[in-house]
């Protein structure tokens, strides 16, 4: 059935794929968007598989060259020539897009973490730092997020890639007084090789990925997902503690609204003998869906009101910020919640020597500044790990393993 | 006469031209701005010819090297060394700036289109993709236009060039509470090799070009011109239909206010046996100046209220958006105008197999989304062609043919 | 004592310094921030010395390679390999950060100016233009300043470096509703190699430099300092007049509020036989602190109400803008002050042939546009010199002499 459809959508706008050599009309290559669902295609396991593009054999032959897309088992891959390549290139990454934490299983997490660790070793001006040379990443931000944007842009540039920046992506549609996200994506994919999108609406990233012929990375969509944050958190635990099976993690602060801790709990459930402690003011307790999920996965968890006790037992104390904007007029409740569980030197005193304090940042005073000098304060290292995780994902999505 | 003036303006701020080798005063090179009109110089045909810079012979000799400016017949050219150059380099582009559609005649359009087509074939990391390495483009946007800006920045980066971005160029003058555009240009030309400018005032681009010692591209100046859009439209027709002589084009929608359709009509008049149909709600009919111009050029045109009939006869149906902001309080008139001529599957049914639907984007519902899957829906390919046209213009202005 | 502390802070987040080769925990490298004051370390003369980072000998050995940091006399240096290096590389620059004009003495100014002059000669696509390849500069602007930002970004890109841009750095803290500057710096230094910061608060740059493990350049902090402007002014005088000792400079306009003229007066005091004339409306006279300082340094100065007379005697007429915002409701006083000392053709007539007019830009009508064509109008060359000074500082801070 997919083959029957092949005459309908032979190519997309991806660079170098629509390049007829002659000066005649190129409409017969039919660069169009067909709304075949991925389920209809059904020839590949990934949830986020892109539409395969079927090429005439002749075209296909020409494409089997370094720097071009080529077809392997009906799936387009991209081979890239670099001087003295430091990474194996060619085997396709299992994911076409990075949209939500649920896409990742234990094996793929481990494999990504190995690539991230390779990224830590890349030297300036080395061939490794030029593997994405010639690639363009568009940062399509519908709401500003300087921190996340800089991290992605740094990752791309550290690998020799280039960036098209827009922090006012809403202007796309406002100018038009109503352009759809899909139309915007179709335009931007004509100018770039990968899209990093931040949006104010949950589900926007999935919609963009379904439209785009190039990879999409979700850099946060409203109350929805922020998968690269979840990955860097797990990566940091692995790097700091040296293992993920058997760890004890205390999640502290705003557990009701923080998508960070929710995603982290979700990913930790993929490991063995994990124990999770929830420490939060009552008004922002962890919600039942995550608790039920952990139980169903056989993960031990308990709620505690005693941060000292939890800090004494845990490998990781993961602190988060109480978000004032969730309390509306009730500033009294906010102030009460906010002052309840502070990580300070008293907490450090009871924490094991090998344990660490983590925080997704920015922090206010939920971790006191005198904690910063302690080697167990891992939060700035954690921020830096975001760079390596994003370098790894960009490499994998654009070049494969 | 030009020679008499030569002692007055020996050089501009263009990179590499003011580089005395000694540590003594360099004021004797006299880098100043002389308000000789181009007419006074009168030694070159182009309307947008820059001031020639006269160099002492000794200086001139030193400049005859790759990567430097050099004087040819009194006009400065730039030779560029690249490994294995994919383009002929050296012969000066006939234009110094791209300011308005009127600058382009049929021959130069054809030549630009050939370069644009070469651009489609450039591979990542090839020598072709590095021809603008070391060049800096400043995007000086006095009003945001993310779509246009990304397209230009992508074009520059695809050719190995670099970009200085400013979307808040108004801040230049607001900070100063009144710096002139000319002063801003003189500052920015010190930091870059080419300026792409978007302005809210008609004529601003021409003013900038008259001041700048480096090329200026008009990326839209208020209700005035947006010449690269006009070029990409004609280029798209040529690529999609395979010819420009003898084509039939239906211009649909807001013909009174759309600078796009006005420029397109203007450029089509340069070709033979063209027939144009105007299809628009009465309140936004094509204005008489364009109709008169077409008549004077011997181009056949007619107005029609029957989109089905026009679609049946045309090679190109060029749809545009009805702009709500033109209707003020009369939302009823807007709604009526807006719903009148929609391109949908009924239109596709009567369109010839070889014909295409175009649109400058963004679109609302004047083309229904079910049209997108038809191979004749050319509007996203058209957007992509903007990239190739801009790559071509950047190449031509900076390196010549 | 410094050695005793060495076990506490072995490394910072600087790229390539925290790269354990094994997959085990890397917390034992203890990448933390210790609040030892620089005075406590006290092993180096510079006021802005960064914390030295002490490395295990083994690590240190590995780092003695091109492109890596290496330890010399207890101070980390960075060696960089380039093809055919145009600059001597390796000897550490005396400054770790550029925060205020007071950091510079006569010798270091002269040495910086020599590097700036080398920068003028760098050719596109030469090895010289790639010396900062692989380096990332973050422009962290808490208030927009397009002019200054573009100048720094152009400088970085002219040397082959890359840029992370943020003009809305306030968003960092607003998103967090109160992240400290220190935390922001610790995050951004993880993504970049050098930070150029513009801030609305005096002293912010010094605070950032004290936190950062990478160099910080002050691009203006409120009413405080703007040291690169001061440097480019002195550099311009040296380039235009050919000397600094023995020059006569007229400072004109708003001398009370202009940080530019205050810094310039401060730096000129480092040279011999300098004579300074202050010409300003009474309400914005030069303040006593600078006058006292000049007197204490043996620099002659006088106040004058006669611009013609001063212009007749000076090598440099340095005009500045009267800032309306300083006058509040008293627009009458503003208008009076503003019209009092205008540089026009009458001033040019009495100025010596070798003299120049300077202005920090933007200008309004305190210099009439008919002055622009005179070779002695140096203000646009002055703006361009800002590029060379910033290129020199970036080179020196990142690569050393």
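A, B and C label the chains in the order they appear, each numbered from 1.
As a convention for this text, a contact is a pair of C-beta atoms (placed from the backbone, for glycine too) under 8 Å apart; a residue touches a chain by one contact, two chains touch by 3 or more.
Everything numeric in this text was worked out from a predicted model, so none of it was measured.
Rounded to the nearest 5, the angle that brings the Cα atoms of subunit A onto subunit C is 120°. Comparing the contact residues of subunit B and subunit C by number shows a mostly separate set, under half of all numbers used being common to the two copies.
Centre-to-centre spacing of subunit B and subunit C amounts to 37 Å, using the average Cα coordinate of each chain.
Among the residues of subunit A, those in touch with two or more other chains are 165.
Contact residues on subunit A toward subunit B in their complex (touch as defined above): 8, 13, 15-16, 18-19, 21, 23-27, 30-35, 67-68, 80-81, 133-136, 138, 162, 164-166, 168-169, 171-173, 175-180, 182-184, 186-188, 190-192. The touching residues of subunit C, counted against subunit B in their complex, run 117, 120-121, 123-126, 129, 144-147, 149-151, 153-154, 157-158, 165, 167, 239-242, 321, 324, 354, 356, 361-364, 369, 372-378, 380-381, 383-384, 387.
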